[in-house]
Every structure is written in structure tokens, then in C-alpha cells.
Amino acid sequence: MSSITEVLPRTRAGVMVDPGPRGRFGDHGGRYVPEPLVAACDEVAAAFAEAWADAGFRRSLANLLALHVGRPTPLTPAWRLSAELGIDLLLKREDLAHTGSHKINNVLGQALLATRMGRTRLIAETGAGMHGVATATAAALLGLEATVFMGERDMERQAPNVFRMRVLGAEVVPVRSGSRTLKDATSQAMRHWVGVVDEAYYCVGSVIGPHPYPYMVREFQRVIGDEARGQCAAELPTGVPDYVVACVGGGSNAAGTFAGFVGTPARLIGVEAAGGAGAASGRAGVLHGFRSSFLQDGDGQITEAHSIAAGLDYPGVGPEHAHLRDLGRARYVTVEDSEVVEAAVRLARTEGIVPALESAHAVAWVIRAAASGELPPGASVLLTLSGRGDKDISTLMELL
Amino acid sequence: MSSITEVLPRTRAGVMVDPGPRGRFGDHGGRYVPEPLVAACDEVAAAFAEAWADAGFRRSLANLLALHVGRPTPLTPAWRLSAELGIDLLLKREDLAHTGSHKINNVLGQALLATRMGRTRLIAETGAGMHGVATATAAALLGLEATVFMGERDMERQAPNVFRMRVLGAEVVPVRSGSRTLKDATSQAMRHWVGVVDEAYYCVGSVIGPHPYPYMVREFQRVIGDEARGQCAAELPTGVPDYVVACVGGGSNAAGTFAGFVGTPARLIGVEAAGGAGAASGRAGVLHGFRSSFLQDGDGQITEAHSIAAGLDYPGVGPEHAHLRDLGRARYVTVEDSEVVEAAVRLARTEGIVPALESAHAVAWVIRAAASGELPPGASVLLTLSGRGDKDISTLMELL
Amino acid sequence: MIEARFRAAGRKLLMPYLTGGLTDGWVEYLRAFVEAGADAIEVGLPFSDPTLDGPTIQEASDAALARGTTVRSVLADLNGLDLGVPLVASTYYNLVAHDGPERFCAALRDAGFAGLIVPDLPLDEAGELITAAGAAGIELALLASVVTPAPRLALIAERSRGFVYAVSLMGTTGERHEVDAASAALVERLKAELAKSGTARPVLHGFGITTPEHAARASRAADGVIVGAALVRRVLDGAGPEEVGGYLATMRRAIDQGA
Amino acid sequence: MIEARFRAAGRKLLMPYLTGGLTDGWVEYLRAFVEAGADAIEVGLPFSDPTLDGPTIQEASDAALARGTTVRSVLADLNGLDLGVPLVASTYYNLVAHDGPERFCAALRDAGFAGLIVPDLPLDEAGELITAAGAAGIELALLASVVTPAPRLALIAERSRGFVYAVSLMGTTGERHEVDAASAALVERLKAELAKSGTARPVLHGFGITTPEHAARASRAADGVIVGAALVRRVLDGAGPEEVGGYLATMRRAIDQGA
């Protein structure tokens, strides 16, 4: 037993574990919410702690993920792209999960929790619409109502997802304030929640928000990393990939992936949009209930993120990512919109997989890093393909 | 050994087996192609026979289906809809297969075969665009070119799939003749094939076309039925569902599903669009290289099918379905567009699954038959959900 | 009967094609064809889904059907007409199967047809129709293509009646810029097979004959040519019987001079 | 200091709110508020993402920021001004954290502020700011809500300075049609807690006070009211200081009569 612990580098001890009652990840995290929401957050925290310790709850969730979502998702060797890049690239296929992205893993967990707490309605914010679709889906499946807040600008660029939510019976509320994207949708969802805490459960879509959300969402997403770890062990001669790469908006797919590898020697790389790089270019700040790294101007005003990928169009990053960055355990890098579009098309044409533009950020970095030698020849790379590109098809076509 | 054979009803002996060198399913099937295509069909038949007998080929295909497509797809109990209908409904989730429908099962098989035959390009016809997307995907994955013929009318109503094919690098050729739907796209693909048999492989998208296509496509799709049979055995007290239901355009998802159950007592139900019911309302005829049941007028002219689901907008049905109908081994029923839309929305709102409008035909029949008592209370029903509804979202929204 | 007529012609053969019922006075085009020196005429019975035809004949089929043309109406239009050359019907198998081969062939015969071509009916599926056509006195001409292997070519040569239709290029009907080089080889192979079987059925070269030069070149090896889309195109563009017949006459001359 | 001033007022308290830097001569509104009988004034330091504010104050924040307003410019505008009533700053924690609590509080004090409200900083996270504010002589008022459980309410009562902000309804700032019934109960609970801890810090009732009647009703249980969106709405709609002050004066009268 002790030898296993010794193998882990010292700095990693206690990384990606329960952040304690105050939800702290180093300097980050916490619970910066108005007083009317404190009790609601407490209730969620208590319910989650109890549920997560309950084998019955875990079984129900695992069952839903297997029967309804199609987990485990495969680990696909990207043969042709690997050959072109001179590396060994493995794709964790969250694009194959029901509803088309990893968001459903988290949402089913939270929706089950909401049912357990006696709530009858889910509230959610959404950027790309994938979290909104996942929430609408979980609500339909469990017989709950759903209200989804979405920036008007995102509603335009991700129109099919708006339709999907409505077909699923969810109410989609356009948010017209600020940048009319994810940041403002999140603000609006929190405002709405204040008034309905008794009946509604706020289903946060990433590892952001007040405690316990960043912790809880990471736990619900760790199924990605846990599965991938086992799959890599079977697939790779070394058992563990040299690099583990995922895109980072709020950071839930990355957190879930990293959670499976944080105790291994794999290098963890989070890829942000150049125009929305909370971890890579942000400063310490507080928004949406948590302390983390945010884009802000010299006066401390949060600045608008700009990304071709609606799901990465967020000026901050989950608190645990800020912590992993501070620790040096994960590295956060950025790619430009143009690289992303190229990467999406390249993956489509080499592997027959049209990735979500969010996920294409991770692909873009791998392509660049393989070309520059930053990824050494022969390196094994696990990349979480967080979602499929159906929602982005018209954006891609316009740019082709 | 002999006892197993004896258990099978007499009429089922030899049903859904190899249709022999002339590709006959009772009175149906055959190979009605112009002389310049006879050799090409012979070559495909020989290559398929050889490949299908080759464990290495089967392994490669199974590998691709597992690693790339995400097979096996789950069998999802439709809990809430079952409760509402008073039956036990199980959904075979082809909507979760990579690219969003069962079409990929067949396409990967044929694309591997094309590679084996030294072809460098795939030709395909497509209606809803799912077969086209699957073909474009397989081509990208295996480094082939792809040319997809699609009726102009279908290109309009399934525009996102046109984009997907193009992003994947395929050439999409608009077909402006006739009804500008699947029938004409098929004609055009066959015309094109005549001129390029040496370099191109014609990747037919359903259990239609000249021998060996109906047989081969059924074999590549039987993975649906084989998986479902095993899953039902684990899930149902009786081991076998009372009913097995699938939508029928050309009939590939139904054929693949039925193949797994034809030797059981399960009743097989193929659901056609009322406006495109080749099996239920057609007469014997010959088109696109095979003899089967087709919609035609009093003069023997093929009439245009009309369905809200582009993938069912075909005036005929695969020859094996005509045969199963003649034998009474399967029954073919029809549903109206309006029932289909209602069924799609109902499934979305009870199970969180937005089905393809094609697949919603099967759901619509189950809903109707449960209400009318045709499906007795408590009946167990396996329904193949052939694809996801993303492509149909705008159609659904217009009608909601 | 066609074979005998052809042999009697003593020249390279010219068989123009027209889609039956294409225009109001479509039979007038047939008369003009005879005038221009046709040795036989192929009359298409329009089908909704002409899978072996290119854009021109597709358009003609659609136009004819839109006018209300049916197999019956084409046969009625030809009733009692004697053009002095054999008429060969061509259509897709669904129309044959619709009536059943026996009734279909009998109707053809009653309307004065001598032969039949069914491009989507390869040898392997043709048994029933061969029997029915034989019984009705209709000569069923089979198609051979440049990719047909030798043993099969022999069978086709043997079982074809009236003539053998040599599909010279890999493609659909329609106008082309040049005549395929492989065609001469196909024709040679066919003639060799026919010689082996002791018959001297003519081999007509079809598909893609667009200009008088094509016609002349193709009829060097073959016993004659079938000209379709090049004529139909002109009809669709509004040319009258005289004009279309005039064009056919230039082909006739080119063949006669070039051969 | 606020507490002392409030006690000295000897009447139910009225604290109007304005978003700092909202218009060119925004300080004139503050003067009008004093004229209308304000006992203190809450000045919002506009933040890009006012998550606890409803549409009116969101709009005001956006408008102020669009004019180039910053924390520094608001403080500068107030520099040297003595309105005769305490000024209470309100803002979100990011702006506090940006400068650091010490520097932020010192700057407030230098600009003449007496108090501070940070709606997204609950008790549990407030330790650092409580210390810094105390050191700078800024009174940090904490919020209490109708769902705050008893033991926590006691802590809030104990650690709040200047006054306690009773968030009467579950919702964001903004105009409402009626005053929530639960609010009186909250205020009673808060006063009981305050009494237990031996202090008599005033309890101000905020959120949703829209009409003079609301103000009168709310100030029956509470020691006074905070009025925000109802005033800001008028400013946004173009009303000048006199008009807005006039409206506030009707509230003052209603409170004084109704109480």
C-alpha cells in the first residue's frame, strides 16, 4: 500500500480530491453567492455528499449512463491523423454520448440528485446549447420541467440546439444582457434561481459556480477519465499516455478527464480559446459564485470572451483548473479560431469525425504541438473529444 | 442439434439466409442491371462472399464498429413511455452510433470491401443524408474519395447533412430529375457507376439494388439484430420480445433487426410511411436492379413516394421484405406523417430521445397499436431506433 | 425477320431512336427517319425511371409521360402504320413485367413491332422474356458491353435475336465528343463469337453516336449504328421532322461514304 | 457611525440607491435625495456582471460603464462633497478583490464613504473584508434573507456593521407589485437576534420597494427601507433630479405618516 503512495509525486497528494466544506481549491473556489442562495447551496452540498456516498445512487447513475447514454464511450485510435503527425493519438469519444457531448454525464448525476431532493424543475444556463440539450433530456427522462437560459447571440449561432431543447419540452429563455453569451446566461440563471430555490434545482453545466458545484460536476465527469485510464491501460504499451489533452471552457470535460490521470505521470494540458482564456490569461477574481481566474480589464470589470466556439466563450475557468495551474500540475494553452476551424476539418477528413468546435481546440493544439516538436515524435496523447460538430456545421461551412 | 432445428417453425427454415448466386428471395431480388454493370456486380458478390467467409475481415469490421462507431449500442428501456402505454418497450439505440444512424454499420462493411477490392472512391445515393454522411465518414476514415448523389428536394430539407458531407470532404451531387428525392438519387448513382466501375465502388445504402446488395447490406446490418437478441435475452423474462418493430424505407435497419429474430417466435413488424409503402401498398415490379414490391400506377410507371421522412421517401422496398411479407413471416404496416411527428415529440418528452423522423414511424405504430389493443397490455416490444432526429429538428419545429 | 431485312439491305445499317409519344405528331419523325435512310427504327416506350439513360433521353421520357403517353398510347399511335422498316421497341423491364411478358410481347406484335430491347434485363434474368418474345414472334435483342467477359459474350451472341446491341462505352445514353476506342474491339469480339456460333446476326453499335463522323467511324467495324440522343436533343429543342430527318440523312451519307 | 447617525434620526429610515456615474450630473440626484429626506444614500459602484440585480439596475450598470464610469471615477466625483448623510457603497466582490480589500476600503474611506454592501459576499467568505473594513473604518453591512436559518441569522446580526440589510424577498433587485409577507417575519427575527446580542443595529428592508405604500408598509416592522430600482428606473427614463427627488419625497411622507 505505502509503495503506491510513494510512487505519486509529492505535489500531487491531495490534488483533485474533496475540496472540503468551503469548497477550496488552493486559493480558488468558495461560495460567493448572495445570502438567499447560501441555504440552497448548503442543501445541494449535503444532498450530494450523501448521494455520492450511497452505492444505490451510484448504481442508478451508472445504470442510466450505460443504458441511456451509451457509456462506456469508445477510445478511438486516430490512425490517419496519428500517422500524419508522427504521434499516437487516442480520442476519448464523448461525441458519441447521447445528446452529443460529455455534458450529459454531469446532467444525469445532477438530475438524479434533484429528484432525490424533491425538486420538480431544473434550471440551467447554456452556451453552445449542449448543456441545455442535456438538461432538457434529463428532465424529460426523469419527468421534470426544465428552464434553460441562453444568450441571444448563442441562440442565433446554435439555433439547432435551441430547437432541440424545445422539442424536448424545455423552456428556453433568451438572455439579452451583456455579451448575450454564456456569461450572461449564467448570471441570469443564478438570478432566476434565487426566486425559485424551493421547487427548482440549478443544474450548473461546468466545473464552475459556488461550492459544491465545481467539485460535484468534476465528480460526475470523472467517468470520462476513469474510463479512459482503463482503456489506455489496455491500449498503450506504457499503460498511461504521455499527454492528456482536453479543451477548457468552464473546464468540466477537462476536469473529468484529468481526474483519471492526475495520479499518473501524464502531462495534463487544458486548451482554451485564445479569446476566452480564463486560465492562461486571466487574473484572480470572483464571479458567478466562485473565486478563480477571470479575464478582466484594469478596473476589475469582467471582459467579454470571444471564441468561435460558443461553449468556450466564457471569461473564467473552473476554480480547480486555476489551482492545477498554480500547482503546475496542468498546463493551460490557447489556440486561435482559425487553427480550430482547420483542425476540425482536418479531423473530419482524416478520421471521419466532425468534432464540436470546442473539442477542435484540443485537436488544434495537438496538431500545432506535433508540428513544433513540443509533442515529441511517438508521444502518446489521449485527447477528450468532448462533443460532436453537428451544431457547428453551418459555422464551419461559412468558413470553408 | 436436430432438436434445435425442430423447434423452428417449418416456414422459417431457410428464411433470411444466403439467397444463392442469383440473389433470389422467393419471387424477389435478382439482378436487373444493364450489361455493363453485370461484371461489376459479379465482382462485388465474389469479393463479399470471400470477405464474409474471412475471419480477418470480420475482425477488422468488428474492430471498427467497436472502436469507431461505439458498438454495441445500448438497449434502452423506455420507462416512462412504457408505463403510459402499458407495454414493455425496449429501444435499440442506433441513434447513438457514430454519425447518428444505423447506416454506418453497412457503410463500414462496404468501405472495407471496397478497399479490399482496390477501389479508391465510393459512390452513394442518399435520401435523408444519413447514408451519405456515413459514406463520407467511412471514406475519410479509410482514405477514399466519396461522391454522393442526393435529390435536390432532399438537399433542401436535410441541409445540415449536406454540410456534414462536405465538411467530411465528400462531393455532393444534386439530382434534379424526377421527384428530386431518393429514387432519383439512386438512379443517378447507378448511371454514374456505369462509367466508373473500375475505380469506384457503389456503396448502396439499403437492402435494395442488384444482387448481392440486398443480401450483403442485410448481413452488414444484422449486427443490430444479433446484439439486440443477446440484450433482450438478458433483459426480458421471456428472453425474446413479443414484437420486433422497425421502420422500413429500403428496409436495412428492419432487415438487420429481423435477422436477429427471424428464428424466434417474435412477431416482426415493418413500419412504412403511408405515402411510401412499398411493401404494404406496392405491386410486383422491377427498379434499380431488383424485383420487389413498388408503388406504381396503372400503366406500370413508378409513382413518387411522399413522406415527411426523407429516408422513407422511396417507392419500393428491399426484395427480402417483399418475400417476408409473402411468407407472412413479417407484417408491414403504415403510419401517417401527422402520427409520426406526434410520436417523435412524445418520445422526446418522455424519454429524452429525439428520434429521426424515419425511426419515429416505428414509435408511431407502437403508440397506435398499444392504444388500439393490437399490442396486448404487457407485451414486450423491441423497437429499433434507427437514427437520431438532429437532422429533422427544423422540420419538427415548423410543425410544433 | 429483322436479321433478314438487315441482310437484305446490303449496306451498313442505321437505326435511329425516338421516344414514343414525345410530341404531338411524333410519328412524323419516324416517317422522316425512313426518308433519311433508316434501316429500322427504335421506339422508346417511356418509363418513369430510365436508369440507363442520360439527361437527353431522361428529359424526353419525362416530357412524353407528362403528355400522358403510355405504352398503350404509343402502340395505338403506331397502329396500322407501315413505315416499310422494322420497328424495335425499347423500354425498361418494369413495363414488361407490369403486363407480364406474354401479354406485353403480344401487344407489341399486334402494333407492328418486330423487335425489342430491354436495357435493364441482362442475359441472366432474360429467360422468361426470351421465351415469351419467341412465342410472340418478337425478336429480343440483347446488349453486350466492353466489359462482358468472353464466355458470356458467346452466350449473348447466341441468344440475342434480330441483332446484337453493342454498348460501346461505359456510360449512359447521350451525346459524346468521341467514339470510344474499345468499341471496335468489342464489335470484333462479338462478330467472332457470332461467327463461331454459325450465325451472322448484325452487330449494331449504340451509345454516344453524336455526329456523322462518329457514325461513319463506328460503322466501319460494326454492321451499323444506333443513333438516339443526338436526334432526341434536336426534337426537344424544337426541330421539326424535316430538320431532324435532314440531320439523320447526313449521318446516312457519312456512313455510306465512310464504310 | 452610520448606526449612530441612524439612531439620531429618530424616525423610520429611508436609504435611496443610485448607480454611481449613471448620468453626467449624477451627483445632483444625490443632493435631491437629501432634500427629499434621505437618511443615508447607497451608491452603486457599477460592475459588469451584477448577478443579484434585476433588469433596471443591470441597465443602469451597463449605462454607467458605457459612459466610462469606474470605481475611481465614482470616488472622484464624490470627492470633497459633503451631503450631510452617510454614503454607503455597494458593489460586487470582484471589484473589492481587484484592488484588494485593504486598498479598496481605504479608497472608500478617503472618498467619504461610511459603509459598504457586497451582495455576493456571504458571511462565510466575508472574514477578510470584515477585517479590512474594520481597519479602514468602513462599516460592512451584511445581508440576511428570509431563508437564512436562525443560528446563521444570529451570526449575521452580530457581525454586520452599520445596519443589517434584510433581503425581504427571494429574487433580485427591482420593482415589484407588492411587498412580500415573509419580510415582516424576517425583520422580526433579525431584531430579536440583534436584541439578544445586545445591539440595536437598525434593520433596513430592501428589494422590491416600489411605491410609497410599499415603503410605508415595509417600514412598520423594519427600521427603514432601501429604495433602488424605483428611483433608477425614473432616472433611466430621463427624469431629472427634481422629479426623482419629488418621488422620493412622497415615499418619505408615506413612511412618516404610515409608521
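A, B, C and D label the chains in the order they appear, each numbered from 1.
Simple rule for what comes next: contacts are C-beta pairs under 8 Å (C-beta built on N, C-alpha and C of every residue); 3 or more make two chains touch, one makes a residue touch a chain.
The structure presented is a predicted model; accordingly, all values stated were derived computationally and were not measured.
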Can you give the whole-Å distance between the Cα centres of subunit A and subunit D? 37
Let me have the rounded angstrom distance from the C-alpha centre of subunit A over to the C-alpha centre of subunit C, please. 67
I need the residues of subunit D touching at least two other chains; which ones are they? none
Based on which chains are in contact, what kind of graph results: line, ring, star, complete or other? line
Which two-chain combinations qualify as touching? A-B, A-D, B-C
In the complex, the residues of subunit C that touch subunit B are 47-55, 58, 62, 65, 70-72, 92-95, 97-99, 119-125, 142-149, 152, 156, 167, 169-172
Report the residues of subunit A in contact with subunit D in the complex, numbered from low to high. 22, 30-36, 38-40, 177-178, 183-184, 187, 190-191, 194-197, 284-289, 291, 294, 296, 299-303
Contacting residues of subunit A [partner subunit B, same complex]: 66-70, 73-77, 80, 93, 95-96, 98, 100, 136-141, 143, 160, 163-164, 166-169, 344-345, 348-354, 389-390, 393-394, 396-397, 400
